[in-house]
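One chain, chain A, links the two complexes that follow: it is found with chain B in the first and with chain C in the second.
== the complex of A and B ==
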């Protein structure tokens, strides 16, 4: 009986289908908000679902010179990485399913797995566009990863623990958004870099390099990468909300907070133009990493002073 | 057993048709037109007409696309590229010819460097007449293609009146 319950909970509730569906709804909300900012009507609510089903039902073409194992395995690894990261995150305001000391680092690296898989898939794609896209997405990974990690370390250090569950419980009474505004801004922009949203969409710039690393993917592989990206959107937004905007608490209020973050992200997406890859890297290391380090330094000093 | 399997496959077919009708991703190919139709296609993609309402998205890669929107007559040089782009698209795929030149060769008909209209090279599913067609006409043509796809029928073939000889 217990096995059945845990199987069902893995398949449906915290992870699995409900997570994928909520990822699609978040993606729709993002696209709709961008559309409204551009003064158009935008897609219908079931649009990401229709896209995914259509891609899953389409033919999958394998290019001649790719490695079979990598070509078919990478989309699955990418999606499973994002889904596993959800186990340690307070999705939709519910407490994380599993937690252990130091799961913050594990969750962050599971989230990066999608980008690494995209890079490998692009390198494996044997097309010049996918190769350039892969190089760019891996370069960008090195740019935003450290500042994003540092920005999430701020709340962890303030709470004095490395467990996501404990940090979100601590954050319920201490609004990090007010206590650490610099870290919040870095985390918010790091989120956009992680999801390769404009202005950080140089890895999939459709006006320069067709579709980036996923140029050669069609059908099922492309659908799995899309699902992985929308799951990552939910997980990363939940993580930032739980850390900076007052922990988990009420699921409905948590949902509203994630939507506010999404609104800000959509606003930035429609306001800013695409940065060149060297500008992205320069911005992250010159400002992002330094600001996050400054934030951490202030926390360390304050903790030492208060103690 | 057999009946239930049949029912399931019918249901799956209906779901995939629904998804296909609601999310046609397009790729645009100019096989030798004067650019008039291409400007109108780009105008169709602007926020003014907003075809993301129907789920239509312009994709860069033929591997992601479902609908190949072609313009212009097919020149001898573009023929191979057009065929290659078509063959790179995964099944099921559809072709829409935009403009008079795509339908009949237009003013370029009979030129030394022209293979002919698009239907001589690819199986075209929908023709959108006009020189160039307005964005509304292009949206109408694609929506007609989608409704026929939903009903499982092919669009009616165009009957040309026989030319009168003077």
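== the complex of A and C ==
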């Protein structure tokens, strides 16, 4: 009986639907802000939802030479990865649904699942654009993943725990953004890399490779990837806010904090020119990774000294 | 050097090959040579650093004369030397190639082969450049006996073979439909990982048969036809055509009309360069600059609409003058717009020269040295950004450019950054010149009468379009329409440099490199009307006219 209830709650998963909807609203806020920065009017608030409904209702075209299982399976895996990561994250200021020692690492790997699925989908796509897009997606993954991980390890080490819940409780009394400014900047920019937002949008640079890895996707598959991405936007922003901007606390204030991060991201998106893939990799390993490592070193030394 | 000494020099250089010289116009020298002497005559000109190959005009002189005529136009300053070659009017007469000496000639020679059926011996690429793939073999549109019935589509042949995947290398096709291209063209880039190892291109997707069509229309109708070659530099084409026709008809255009033409040319340059700035920024992934520059471009578009009534095909030029006068109110509007635009252009100049993230994508990318620019035959801002001082408005001032000269902008660096800088500075010059002309607009007539029939003769008129030199060769037989009209637009000459410079760069730089020369596809593609099998949309002229009248009547009906 218990199993059936659990299964039903997973199948209907009201939190999941609200998560998807909030992801769309965040996506809208991002698009609207960028549009206003670029002196455009921007989309209406329901535009991401309308796009998704339209995509879901459209025909899904499958190229001849692809592997069926991968082609239909990857979007689902990508979305479920992002949704599962949400279970361990304080979404919208609410305490995480599940929590265990070391869930930080699990959540981060679940977040990477989307990029890996995109890469696989591009490799499976049998189109030259998607192949190049996939190569770029995965190259970029190797570039930002380590610095991003290190930047989130900083607060974890300061709090002395690997549980997201405990770190955010610790962060409520310690504003990491002031204590670890370098880690915050690296995490913020890593977030943009993770979401392939400009200037890190080389994997889907439309002027070179059309839509990158997802060029061959249409209809349902594309919609699922898009939903996965907007869920990831919410999860990752929540994670960075909880770690660096004073924990969870009041949901309303938490929401405001996430919006401030979104505002910063939108500003960076409209100010910068797209980086070539070699420039992205160079930047992350030359500066991002080193800065994050330096941060960790300082934390270790300080902790030893204080103890 | 003056034009006379330049022509004198050319006469001396070409003396060993000459079968007869004449001077059709004061700035032109015509040298008749044997086809077999062509490579050595070209080499003599090149060795003496005399000019660059501007265009090749192929003409069928008809059954009576029973000859084909090829004109190789070389330009230096205001002087033009044409090598005239007569070929027998049989199928596939031979002419030696010169593209081993002048790479850009390769495009012209491909055109010779497909349009006139001349066999160019030794040309590196004889595949089709403009004609569609299903065009039948052995049918040459520029031959006198050509008719549309001969051009019934055949089974398409593969003109661009797949370069195929070899190891890590494979081919990335860009176009004819691709988000990077705002107009249709087809490029194949062989890439090794992200590095380009080879590049090819194919044009002709927007061919409309304009050159051929001019022979069937009278002098006045042609003005409106030629205006529609390009949506960006429509005024360039009307100016070049009107200048040539007026020279042939010996019509003296009033100074006020010339000044107004120069104002519109300046405004056209502003709207073209701002459009380019937006497109180039978008290719680099800097959409904010794209949105900003296109917003400001609306200022000049609105101004053009105020002055001429149209945003794109201004239609202000008529043969013998201009159509509309500028009043004091117009002058005020121009001043206001120029003040605003100058401020904005200074801001963009600041952005493209200082924004660190943008400079990462432009500084040192696609660097073309002065020697390379000369060798590839680059034109316009692309050439000037490599330090090549080539600008028709200065080398060979036409129209009102004697009275209201512009200053030459060059840059030594030759990379993409230099091209941005040169174009933005040119806009500042344009703003300044437009203000000067508006304040000193000469009084007088707007237009003089243009005869219906133009005396026989031939002329060359060159105009500096926003993208470089536009070349017009016009030949009149004394009738109501031209006998031959040859147009060579600047983009065609710049392709060689863009494709050659792409090799060795990253795929991510390609859109920027292509955008860097500001390509314009529709002005490359002018020549052929295509009629396909089972095409229910083929309309006759009268059906088309009727359709247009009905359509516009329905638009104007009150709802």
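One rule holds for everything that comes next: the second predicted complex is superposed on the first by the 292 of 307 C-alpha atoms of A that agree within 3 Å, B and C clash if a C-alpha of one lies under 4 Å from a C-alpha of the other, contacts with A are read in each partner's own complex, and residues count from 1 in each chain.
FYI, a contact is a pair of C-beta atoms (placed from the backbone, for glycine too) under 8 Å apart; a residue touches a chain by one contact, two chains touch by 3 or more.
What you are looking at is a predicted structure, and each value in this text was computed from that prediction instead of being measured.
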Chain B versus chain C as contact partner of A:59, first or second or both or neither: first
First (chain B), second (chain C), both or neither touched by A:39: both
Partner chain(s) touched by A:47 [first = chain B, second = chain C, both, neither]: first
Partner chain in contact with A:210 - chain B first, chain C second, else both or neither: both
Touching partner for A:218 - first (chain B), second (chain C), both, neither: first
First, second, both or neither for A:159, with chain B first and chain C second: neither
First (chain B), second (chain C), both or neither touched by A:201: second
First (chain B), second (chain C), both or neither touched by A:270: second
Residues on chain A lying within both footprints (that of chain B and that of chain C): 38-40, 129, 206-207, 210
Residues of chain A touching chain B in the complex: 31, 35, 38-44, 46-47, 49-54, 57-61, 129, 206-207, 210-211, 214-219, 222
Complex contacts: residues of chain C adjacent to chain A: 170-173, 178-180, 191, 193-194, 281-288, 291-292, 295, 355, 357-358, 360-361, 506-511
In the complex with chain C, residue positions of chain A that touch it: 37-40, 128-129, 132, 135, 198-199, 201-202, 205-210, 270-279
Complex interface listing, chain B residues touching chain A: 15-16, 18-20, 22-23, 25, 47-48, 50, 52-53, 55, 59-61, 63-64, 66, 88, 90-92
